[in-house]
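Each of the two complexes below includes chain A, the first together with chain B, the second together with chain C.
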Partner chain A sequence: MNLTKQQYAELVKKASPNSKLLPDCLWAFVVGGAICLLGQVLRNAYMVWGMTLTDAGTLSSATLVAMSAVATSLGWYQKLASKAGAGTLVPITGFANAVVSPAIEFKAEGFVMGTGAKMFVIAGPVIVWGMMASVIWGVVYYFIRPFLG
Partner chain B sequence: MEQRKGSTILFAKPASIDAFAAVGGKKECEGPLGKEFDLCDTDTMFGEMTWERAEVAMQRLAAKKCLEKAAIEANKLDMVFAGDLQAQCTASNYAQRDIGAPMVGLYGACSTMAEGLALAASFCAAGYAKHAMAMTSSHFCAAERQFRFPLEYGGKRTPNSQWTATAAGSVLLAPNGKGPYVQAVTFGRINDMGIKDINNMGAAMAPAAADTLLRFFSDTGTEPADYDRIFTGDLGAVGSTLLEQLCAKGGKKLTNHSDCGLLLFDREAQNTGAGGSGAGCSASVLCTYILPKLVRGELKKVLFVATGALMSTTTFQQKESIPGIAHLVYLTSEAGSHS
Partner chain C sequence: MQYVWAFVIGGLICVVGQLLIDLTTLTPARILVLYVVAGVVISALGWYDPLVEFAGSGATVPLIGFGHLLAQGVVHAVEESGLLGALTGGFSASAGGIAASLVCGVIAAVIGHSKDQC
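The block that comes next holds the complex of A and B.
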């Protein structure tokens, strides 16, 4: 059995099934789209109830986050996500799920060193690098703004 | 006298397996081998408050059931070889708080059952133990949160990924008995073919399984067809294909190969990706499928090759490749069937 790592990598590639691209994309599109549609419905509803555009936007985000937190704690969000993939990961509900799930999971290690310390274990890097990216973009925007008219 | 041929230890006086027991979680008990488990728990908490404690409870139950079947007391145990997937092997160590036997903690990931069985058989065959126990466990929930993500996190599994079994298996060996028997063991060597994908552990472990099997065939001068079945655990669907290809390249055609990861679950209906894994997977398949068949005489000569992927989350994040290992145990239904 004299096989180089490259030859073995070829064998592995042939033996390993790929993800089913079309069904995966369809699931992500439909579920992700449905979550965004729900957000839009909520925003319009809040506006009908007399909120300003900004308040209605903030409230619909907050409502989606709350709904995701409840669905996560009941174990429903994970079930949907196992099919929907990026469809549940990308919307704001996915971010809520990423914060709530470790908060529940690590409760066994206590509220401080468990829930407290682990709550941002998945979302933390997103916040750190998201903020860094927005700072960099802010600086770039500062310099290019005079040319944008 | 014990003999050593190459990497293989052939016992002049094969150790006897006097009793065995398996404990399973909900999914495992709903699987194809469900009815064969000695004990099942429908909510996989085993009456405990945390997943880690649930795994401890599983090991304790498996040990007690095994001792009960052999009709001996825990204080008669001369050696226990136990392992699991939890960091620092805590499930095994904590389970032993109640058992109180001389204990060796093992970590061989999914290969641990074969490792423990091989060591326990060696101790019995050498006369160092009258009663030696090999025991392993894994718990899906404890392993997920240690190695991957929290349970409620909405992640999508890749089709190559394997499902950690919630199960424990326990085997009691003695120098003399009515079998099944451990005739020979081959301890594996680390094989690393550069696989870095933590979701494709079957691919990381297949070269180790092929290496150990080819070494055993060469040491004993036997062919795969000389055995009724060759069981690996847990290569899953991807790793099994690769193993058969690697053995064919080594001049040995495997036509009687089964994988414990594919036996424990109905992977289509139970949605377990490429199959089961974890230290409890091969242990529970050994105790619910392989050993019962040897006892009933449905199988007479069997190779049990458990494989392990020996990375940690730290080495994975540091972009290291995954070293694999595979330990082989040659089991027979009758005492005098040395090949």
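The block that comes next holds the complex of A and C.
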């Protein structure tokens, strides 16, 4: 097959997103699924020890957060994230990583304006917009509640 | 079976995030914001509860579940204390996860050292 450089570049461009997309998604699926599975194992374990569903849910989230903090401190979470992409970003462990990572990173700028402020670089927007959405929903719910039967 | 569905649904929710990363120019922070807000909306429409029932942690561990928690908290608080609940419900329900993250962040900063990012 005779190809000019330009044609070859076009072929590469056509082929490369797909060949990257599939392994990326597979990694995200397996790692993300595994983190959720771990959460389920923890939640069931806490319920066996007599906690209510809500408490077990909260405590299993807190446990995942703590595990993520340890893995982030040791540099393991970042290594996993470079492979797993959204598989490590989307679960609550990714949120914890987004808090813990800058907390350590910006320690050099002090505990107030370094750690204290930079912790919220990603967590801040998530909390602000999540809160906005929930307050709006709360007001809407208050007014539609009488009609919900 | 519950474990299988937790894995599969949780994994699929992450694949959606991966597609957003690979196919769009959204940054991770925007994706997380999108997930939380989407979680509130989907939960408000009443579509998320069945998924939580079905997939357990597969639905609650991804950040959409965080949005669901906020929306549920607000409903609960409005039932209890009226319009004021719209302000208090979200934080009350999500306090555990947020406080755990912040406490872990501070502890990690005190004892940890920065690692090379890769």
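Throughout what follows, the second predicted complex is superposed on the first by the 119 of 149 C-alpha atoms of A that agree within 3 Å, B and C clash if a C-alpha of one lies under 4 Å from a C-alpha of the other, contacts with A are read in each partner's own complex, and residues count from 1 in each chain.
One rule holds in what follows: contacts are C-beta pairs under 8 Å (C-beta built on N, C-alpha and C of every residue); 3 or more make two chains touch, one makes a residue touch a chain.
Bear in mind that the values here come from a model prediction, so they are computed numbers and not experimental data.
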item	value
Contacts of A:V135 with chain B and chain C, given as first, second, both or neither	second
Per-residue touch tally on chain A - higher for chain B or for chain C	C
Touched partner set for A:I104, first chain B, second chain C, both or neither	both
Contacts of A:G75 with chain B and chain C, given as first, second, both or neither	both
Partner chain(s) touched by A:A66 [first = chain B, second = chain C, both, neither]	second
Partner chain in contact with A:V30 - chain B first, chain C second, else both or neither	second
First (chain B), second (chain C), both or neither touched by A:G85	both
Touched partner set for A:I122, first chain B, second chain C, both or neither	both
Common interface residues of chain A - those touching chain B in one complex and chain C in the other	17, 20, 24, 72-73, 75, 78, 82, 85, 89, 94, 98, 100-101, 104-105, 108, 122
Interfacial residue positions of chain B with respect to chain A in the complex	49-52, 145, 149-160, 193-195, 200, 203, 207, 210-211, 214, 238, 241-242, 245-246, 249-250, 271
Residues of chain C that touch chain A when the two form their complex	2-3, 6-23, 28-29, 31-33, 35-37, 39-41, 44, 55-58, 60-63, 65-67, 70-71, 73-75, 77-79, 82-83, 85-87, 89-91, 94, 96-98, 100-102, 104-109, 111-118
Footprint of chain C on chain A - complex, ascending	17, 20-21, 24-25, 27-37, 39-44, 57-62, 64-66, 68-69, 72-75, 78-79, 82, 85-87, 89-96, 98-101, 103-105, 107-108, 111, 115, 119, 121-123, 125-127, 129-131, 133-135, 137-142, 145
For the chain A and chain B complex, residues of the former touching the latter	1, 3, 5, 8-9, 11-12, 15-20, 24, 72-73, 75, 77-78, 80-85, 88-89, 94, 97-98, 100-102, 104-106, 108, 122
